[in-house]
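One structure coming up, written as structure tokens, with questions to follow.
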Amino acid sequence: MGRYFGKRLLSTIPLLLVISFLVFMFIHMIPGDPARLIAGQDATKADVEVVREQLGLNKPLLVQYGEYMKGLFTGDLGMSIKNGKTVVETIAPRLKPTIMLTISSMIWAALIGIILGIISAVFHGRILDYIGMLIAISGISVPSFWLGLEMMQLFSVKLGMLPTSGLETWQSYILPSLTMGAGIMAVLGRFTRSSMLETMREDYVRTARAKGLKESLVVMRHAFKNSLIEIITVAGLQIGGLLSGSVMAETVFAIPGLGRLLVDSINFRDYKVVQALLLFFAAEYIFINLIVDILYGVINPKVRYD
Amino acid sequence: MSEKLLEVKNLRTEFKRDKSWVTAVNNVSFDINEGEILGLVGESGCGKSVTSLSIMRLLARNSKISNGQVLLKGKNLLEKDNKEIRKIRGREVAMIFQEPMNSLNPCMRVEKQITEAILLHNNFSKEQAHQRAFDVLKSVGIPEPEMTLKSFPHQLSGGMCQRVMIAMAMSCEPELLIADEPTTALDVTIQAQILELMEEIRAKKNTGILMITHDLGVVAEMCNRVVVMYAGRIVEEAPVKELFADSKHPYTQGLIGSVPKLGSGVKSLPSIPGSVPDLSVMPKGCKFAPRCKYAMDICREQEPELHTIDKDGRRRCRCHLLDQNRKEA
Amino acid sequence: MAELKTNNNKEMFATGEELPKAQSKVKEFVKKFVKRKTAVISLIFIIFIILMAVIAPYVVPYAPDQPDYTNLLQGPSTAHIWGTDEFGQDVFSRLMVGGRLSLSCALIATIVGTALGVVLGLIAGFYGGFWDSLIMRCCDVLFAFPDILLAIAVVAIIGQGMVNVMIAVAVFTVPSFARIIRSATLSVKQAPYVEVARSLGCKNSRILFVHVFPGTIQSMIVNFTMRIGTAILAASSLSFLGFGANVTEPDWGAMLSQGRNYLNTAPHMVLFPGILIFLTVLAFNLLGDGLRDTLDPKMN
């Protein structure tokens, strides 16, 4: 088992290196002169040179990369040009709202999605199956920002039940996390169903029935427990996507999180912040994938005891 | 002889295929006595497994039992509701399957899988259930029961898995054991051990066994009586010695003829030409007629009846040829 | 048993039955597909939407950019069935004409992304070794930017605007397609008929395009259909964030984004574009589901 984890851990290192290089190159991939772009159209030549100096763009590429990597390890990601704070200072306060939203939407989406999938699988081919899968495919097809806006219109504007923006109270989490979770719920629902349909055809499920177990126990203890290994993998990958998926919900509900910071920074050409956020999201995604893989090993006896 | 343990009467099982019902098991009747091993033989797709699943009421949702009775010590299992049938499954009738590796839950320790059934059907404490699991594992010849109890199925060999399956089936001391091709997926040497074990169980506990197989070697070694099925129907039934010495139905003769005999000097084995007909496009008369070298005109027109052909009613056969000979005699 | 089966097949070839069989494959597919009502309804809806996009400029009641300052932000009425926007432009007319922009953007992006993904997936799956590692590691890198983030990153680099949104959506279609086609290629590669072709001395390129490529078409069609839905969602999301079409253009996402400012007074400006996007994406997904179930009954 230790070897499995070791191998998995090592395999992420080159990936992280390539991604950090790509993200570093990001500023150089922008067509035109980045210094001029950042300084703005009507900046003087001297202004542009100042920006170039500030960003270190006048140095050779390799030196820049070296400094960038050094900065990564020392936590120095440069300055935001928007408000004169460091990039780390800009990002740090934005973490909490996004993480809180991610967790709250993951919880409801996983719960409902898995229940939906199990019900659909158990009632395969009957009306409940069709209803469940219609809900799921709608969740995949609905534009999340529109869903958010419509819920805001109904619950906040018309009924005045829930706040339209911000994250001050627990009620203010409801609509954004519903918006963020709809797609995940749908993906998990569909996946749970197909995985359960497969495991319910397995010989050991028949064995469980032949023992005289109740159908609910057969489904939950024997079929679902085996499907759960796969479901957790898929759910984990979804969490990875959620953090950056908060872009839409944060924009709709004006929540000061990472997603909105990314959009604002792109609009403001605050490239150092964009760079840091892209790296953060990618690293976080890889990291969560790694945890999911390890978790997969822990819960799957075939990996655990080999 | 002892009393009838299981009586299957006129069983008919159908399943849905493309919106129409096809008959997989047609008018099948047989019985098993206590402590007796009945062989159920036939090619794959002849309805053997469907018959066994019908007895246990474990059919998939697209199938139904449309006629007949399954009497276990006189109680009709087909009339029981779901709750009652669950009390019988595992407790009075247990089952073992073809693929022991796939028939055990891969993410559950052996102990849990065995004690699950014990706790379900007995009023045992956890310790008692553990002790019983230990004992049954020991009784099926597992050398280190404690270690096996702690294992996951993938850590055991195929033979060991089948022993665990048998232990699990025997843990509540059922009167009837249904074994669906219990040795097919195993190595030849392991096969013999497993068969020996089942014979031992029968002798010790007086368990009736329904042995489903396509392997006539297994039949010859294990069974007291044999029922031969073809295309969802019984074509012949006989005590095992008589079947091998003097089979009446051309299909049975073909099956026996295709088993290699040591030192017979025959270079190529005779085989039955053609294959089992598709359930939805059955021939009109005798279902075996298209593959039968003795087929007569009447065989293609009219399906023969299953007649008792000896005095004490132990032999049955479904063949026009035989009917004709008997009339002439 | 196996022997018996091959005998049967030989007989069938000898009687020349294989020709009508091959022809009936399409017929059989259509017959099976027609049975799936949701998929058929979806297909009809998609055809209707595409048709509208083509002929809309000639049939809609108002010109999409015709302002009417006496009728600003009006709710649905008989004159304007889906109401008017902040310039008094007819929302229905704008949406129908806007289908041209939104659909063609999604369609072009998906076609480009699919083509690239298929070629890369075929190469990776068929040649294996170095090419496989290279292509798949590149996909891993792209996968590290999940979902919409990759599209946002691309737009952040190349700038905003409709063409760039198309490029972004195409880029984010490539890796998933490459993966799917790679695994399809790997399974086809092991099929007996490919082995036979190789043993007969076929050139690699011939095997790849004549034997392997057709084997991957099924998964390609299904994923292509579903990816169009995803592309519409991604493109409208980018437009909503302000990275896509100019807000004066009648793009579905841009109209929704614009309507957001009038959520209190004119909720229909958000409602109708949203419903249209939702139904269109839903139709593509249901069609994809239907195609998958028809092409591969095992999956059901």
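By letter and in written order, the chains are A, B and C; residue numbering begins at 1 in each of them.
The rule is short, and it goes like this: contacts are C-beta pairs under 8 Å (C-beta built on N, C-alpha and C of every residue); 3 or more make two chains touch, one makes a residue touch a chain.
No experiment lies behind these values; they were computed from the predicted model shown.
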Most distant chain from chain A by Cα centroid: B
A-B or A-C, whichever has more C-beta pairs in contact: A-C
Averaged-CA centre spacing for the pair chain B and chain A, given as whole angstrom: 53
Distance from chain C to chain A - Cα centre to Cα centre, in angstrom: 23
Contacts with 2+ other chains: residues of chain C: none
Complex contact set, residues of chain A against chain C: 15, 18-19, 22, 26, 29-31, 137-138, 140-147, 149-150, 152-153, 157, 194, 240-241, 244-245, 247-248, 251-252, 262-263, 266-267, 274, 278, 281-282, 285-286
Complex interface listing, chain A residues touching chain B: 124, 202-204, 206-215, 221-222, 225-226, 229, 299-302, 305
Chain A contact footprint on chain C (complex, rising order): 137, 140-141, 144-149, 152-153, 155-159, 229, 233, 236-237, 240-243, 253, 256, 260, 263-264, 267, 270-271, 273-274, 277-278, 281-282, 284-286, 289, 299
Residue ranges of chain B in contact with chain A within the complex: 56, 58, 61, 82, 86-91, 94-95, 97, 99, 102-108, 116-117, 120-121, 152, 154-155, 165, 168
